[in-house]
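Next up: the structures, one after another.
Both complexes shown next keep subunit A, but they swap its partner, so subunit B is in the first and subunit C is in the second.
Right after this comes the complex of A and B.
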């Protein structure tokens, strides 16, 4: 057990270091130190650390944990404390009882990883860890080889897998009895504050943001390229854009019947903001549409969430109230005087908003602005001025901020929208994947009598950006890939790796859609597809049948197991006495055979021979071999056929 | 080997007709070095059987007729003052023999019964602080009248437990009784010829111990014993001594059947005579009560 305990240490370390658990550097270092300590103790073959030392380490460890994670994210703190406690228990454990405690605790500790991520890979990892745990439990319980224990555990896991698939599919999906707060995760998604000017390198992640299930036709009717709106920013202080007050004001809209609905499966983002194309509403519970036609959830997204988006009538809103007008034209007059001046000049040259935009566009193109993911950080407090007149290069945030600010300065209501642009289409499965590196910012401005319109100034300097996902945009490929760090998407140049990436992505999609999001609704539609519309009548029957099947299969499994362990001699004996016309269950074997002899005088000799074999096996410990088996079978058959003839 | 046992049983069936099973049980009890209690109405052949057993085994025996005024000293012996030597000498009682025939044991007072039963268990007699070992082998074959008879003192449960077996001969069959009436010579043939000697008997007893008792048979014994403890029908369930007795009796029964392994059938054959008196089941309902137990307990295979 002592050497095997390295497995526990390794498991705790893996859970600690999983990229999404984010316990903080200090805690990671603590766990690593403990792991090293444990392996050193093992290599020195030293056992039994003094409890005083362990208690001291535990106290220090608790302090480090709390300092490293903070008390805000209670779930993370408790999971971390659990890991720490388990690790210390492993170091302490010397007795059988203590090892049992560790093994049992692991059944709670390992699945804690699910609190942070429910992806296929984590599920596999936890399954493997639990499998090993079971194997160790088995070897601890009884003496046996590792291989035998492994085979035993694998057979049991296979059996429970079949059972659990059955349960998932057919047992009615009930809502959770209780819910616990999810851990607070720092996600690289959209930020509620946009301050592009202070970013030197747009660090990008190939993490999935969400998937959208919409077919090609609905895209053609809708917008191309795909602008996924998420957050509206309408407050600008000259340096950064902050989230609108009305972002979380629920308003119900009428749906537009001519446009089809579509489904989105959002990854956990730890924010309430959801994604939709254009003005939308949603029939899904917990999802509400805001004043801006964006969608949000009433609580935060801590696990994958599937919802339906219905395009809504919202753009009909063609007038702007006074306070809304003021709100969307406010800028800090003191800052960025040169940009304001330039805007004033253009305003005098033009008559309409459309003309103003054309002039702006011409300026950006003529001045040879460029798109970069690694912009220079502005040093002046007049950030827009510095970008507009000095650097002339930046990413979407720079362009959107600048254009919106200049429009505001001449009285055109404008606001910043952040969301995602583009998508990677999976033709085989028919869905879009939108990654974190597809995050984008653009402008919405108001035209009296026409309503709010979108404008993407980034497209002026980098029209290719609109063609699709950033990953497919060649000129920026190098920069994009270097900013992406180590990931499969970074190697998409190699055909095989790209193929692998797409396959893994497909697998993950199926996992998310059919395992994580298999809810009551999905189950209902599956059962409807299988049993027709009237399945409701059957649902109770199905539930009872399911439970019945589980219990009967369990019963038969136990029966089969106990029966199969019976020696052949007993099996044949039982079959023989079952053939008798009188109940011989409480008669001792020899007497039973004698009574059988009376009933079947023709088989008398064969019965005597069987009893000889039987007693040799049962009372003298001799084997009941092949010959004996054949004889017993023949005997039983001959009695059976005789019984048939007499009938 | 068991040829001699067969001879014993056949010799004994010449004096007790039609009671082969009871004779076998009695021999089985002696093979297990167990004391035997024969309970029956007067005139059923109790004494004849016990005499025959002693004769056939070639053992020295003494007979004591138990009466209500019999004292312990009458059985065990007593110290007598030798006037010449001015010393007390222990005068051995009838118990100092290889077989003691205690006729109508339940007619004696409890005091005398206890004295006898103590000697049975410890195989020695202690008088005035001096222990006198009893000869080897030592059997007590006691007979008793059914308890409803007048002038009987029932043996306490603890003392009944010391009898290895209780058998009951019962009325003979019509055929056997006819033979009894016609066979005038029977009384003269009462002295059955000796079949075994002491060494041979000890050898047979040792052989009993070597009979294989398979785990399933042990499990069956346990199941039976536990049933009497758990079913709640019996105020005095079977003791561990009874379990041990069942095991050794099953072995002896197997040996008598020419086998070197015991089976559940052997246990069933000896169960009634070993369990009934320990469970306080009267003789006349013994068969029914015991077959009820046997049919209730599942036989482990």
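Right after this comes the complex of A and C.
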């Protein structure tokens, strides 16, 4: 049982240490200690720990688990306790019954990883673990070698996989019985407060944020920059922008029929905010549009989520009420006096908002502002002043904050939008990938009678950033990669690695689209397409019937296969003795051949030859090959024809 | 309620499976998930509930996968077991310590994996890992002295994965005797009584060594008396008989004359019978109301021993 128990311990450890199961350092350390303890016990060949010790360890372990994870994320605690319990059971197990319990329980413990991540790799990992578990179940019966059990299991598990996919596709799906707490996971590149001035290094993640399926050709060619709006920030306290109160106020907009809808598959972000281009609404259940035309979900995204976005008529609102005006022009007057002064000067030089923006733009270009992912941290309380007159370099958050604040200071309603800019287009599959490192912030300002308009001051400084994704943006490549850390995107210079990255990304896309997001809606439309509207309700019956047929044929197939096959030499020998007029079944082969020779003297030589081949094969272990087969057949045929002639 | 059901089921099994041989096929095989399989189903339901409630396709897939595995296990379990035949070869009555056994022939055209044979009289079930070709299997019984019904054999397999129990029965309506273990008798010789009509310890009629005739050999006859000359010539087993043999030396064993507890006395009797048989002595036998006149040979010995078992 050594392999068994080591395999169990190893798999529990792997699940514990998977990057997305965040059980905290203490729990990880606990599981590692238990694994080490277990392997030491195994190497000392000790079995059966006293229950008192195990109980003590279990109690301490539970305390560590709860402290390490916290009671808030019930699912994580639950899975962690499950892992702990299984590990202790493995250490304790000595009898066959206990091993069986562990083996069965593993069928629950391993798939628990799916609660945290459903990526293709995790699915493969869990499948391999379950397969190995099955092999151990088979070897526990001691009926064959490990290898034989492995071969047996591989074919069975493959068949079961295919059949279960079939069931997933065709068996009617049940709705959730009750609401379950989701695991707390996933970070998003977006946050509800934006405070760029206190960040020294914008850490970038190459994690996927979402994917978009757009059909518009102009967008696919990368002509218009893609601004994915997600969160509106309209309060600025001189240091940070905070999320708007109305961000979660649902409003229904009329959709604009002239513009096509598109689909977005969002990765779990643990926030309710969704992404869309411009003013949008959505026909998908659970998705609502806010006052600002951004989309949000009624609950948090804990697993991948697919929704449809429809452009909406929201921009028609060209007036601003008094409280809204006040809300969008408030700044802390005390802070950043130099920036306010500069804005006043420009205001006096210009007549319209557009002119004001032109002047502002000229200033940024003339003063040679630069874009960086590693800006200096402001030390003064007048953060905007320090950025504007001293450092002159920063990332999107700096530019957007500064511009919005300056516009507000002279009475132009302005707000900060955070979302994503750009996308990586996959030509083959026809979709866009938007990564966390594409997170961006820009400004929206209000012009009376025209409505809200967007403005990206970062574009003045680095216009190339607008096209495509940040990973495709050359000037910043080094900085981008150093901020990314170890990941495939960091090596996108090498053609082969970039190719691999894109291939994996494609695979993951298909996986997400077809496996993870296959829901009731998709099933219905698939069944409608396959079976027609009237028959789709019978899909369950059809599935069961098909399964029945598959199993019946499998039954007969195994039965046919399990009949042990006789070697060729014996088959031919049997056919030969059947030709004789005497019953030779109980005669020794040598004697039978002698008798046959008497009966068929013409074939005497051939019979002697056959016997030589036969005995060489049966008694000396030589092969009964093609030539021997042909001779034997010829012999049998010649005897048969002769027998016919005599009749 | 459960008890009555079990009784009914036992009666059903007795009625259906009473035979000397059984071929496992669709109407003689019983198949259900094993204890482990039940746990497996439980876990499967749990996965299904989780999958449904989290709308998690992968968890759902795992639960379907488990059900499929279970069905496949049922199929393989059935096919592993089916088409094999189990036949009773002999019921070997013997002394308790020998021990008594039943020989079964297991015939199969394909490998039969993980076969367990169980009977009430077995200490623990016999586990045969792999039956690849027809075999004879001797099932030793652990029983007390007495006459026992062989009764019900249960054949079971948990192949594959241990998830399913595939089983069948063979009900043998045959008796098996567990003879008392021989116990060397230190009792004085008066336990021996001579010929039926004399009360002397030993009949004193002279042994006449005169050859009388040759008779065909019957099983259990003393091999010393076989006329090997004849066998060499004609390959016929013939036994020499001598004049006046019957009157030679006759002993009479009587339970009532022995000392000790019931079991001890039976064991002593058993020893005496074996000794007498080994020394080719004629012996009469009396056990309570059961009486046998003086005789010898295998059949006579077995009658005596069976009587001892059944006492």
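Throughout what follows, the second predicted complex is superposed on the first by the 516 of 647 C-alpha atoms of A that agree within 3 Å, B and C clash if a C-alpha of one lies under 4 Å from a C-alpha of the other, contacts with A are read in each partner's own complex, and residues count from 1 in each chain.
The working rule: a contact is a pair of C-beta atoms (placed from the backbone, for glycine too) under 8 Å apart; a residue touches a chain by one contact, two chains touch by 3 or more.
Because the structure is a prediction, the values reported are computed rather than measured.
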item: Subunit B versus subunit C as contact partner of A:300, first or second or both or neither; value: neither
item: Partner chain(s) touched by A:453 [first = subunit B, second = subunit C, both, neither]; value: neither
item: Partner chain in contact with A:609 - subunit B first, subunit C second, else both or neither; value: neither
item: Subunit B versus subunit C as contact partner of A:123, first or second or both or neither; value: second
item: Contacts of A:642 with subunit B and subunit C, given as first, second, both or neither; value: neither
item: Dominant contact partner of subunit A by residue count, subunit C or subunit B; value: C
item: First (subunit B), second (subunit C), both or neither touched by A:163; value: second
item: First, second, both or neither for A:255, with subunit B first and subunit C second; value: neither
item: Residues on subunit A engaged by subunit B in the complex (per definition of touch); value: 566, 570, 573-574, 585-591, 615, 618-621
item: Touch list for subunit B against partner subunit A, complex; value: 212, 214, 216-217, 260-265, 267-268, 294-299, 301
item: Residues of subunit A touching subunit C in the complex; value: 100-101, 103-105, 107-108, 111, 114-115, 118, 123, 126, 130, 134, 137-138, 140-144, 152, 156-157, 159-161, 163-165, 167-168, 171, 174-180, 182, 303, 515-516, 518-519, 551, 554-555, 558-559, 562-564
item: Contact set on subunit C toward subunit A in their complex; value: 35-36, 39-40, 43-44, 46-47, 49-50, 52-62, 64-69, 71-72, 75-76, 79, 109-111, 113-114, 129-130, 158-163
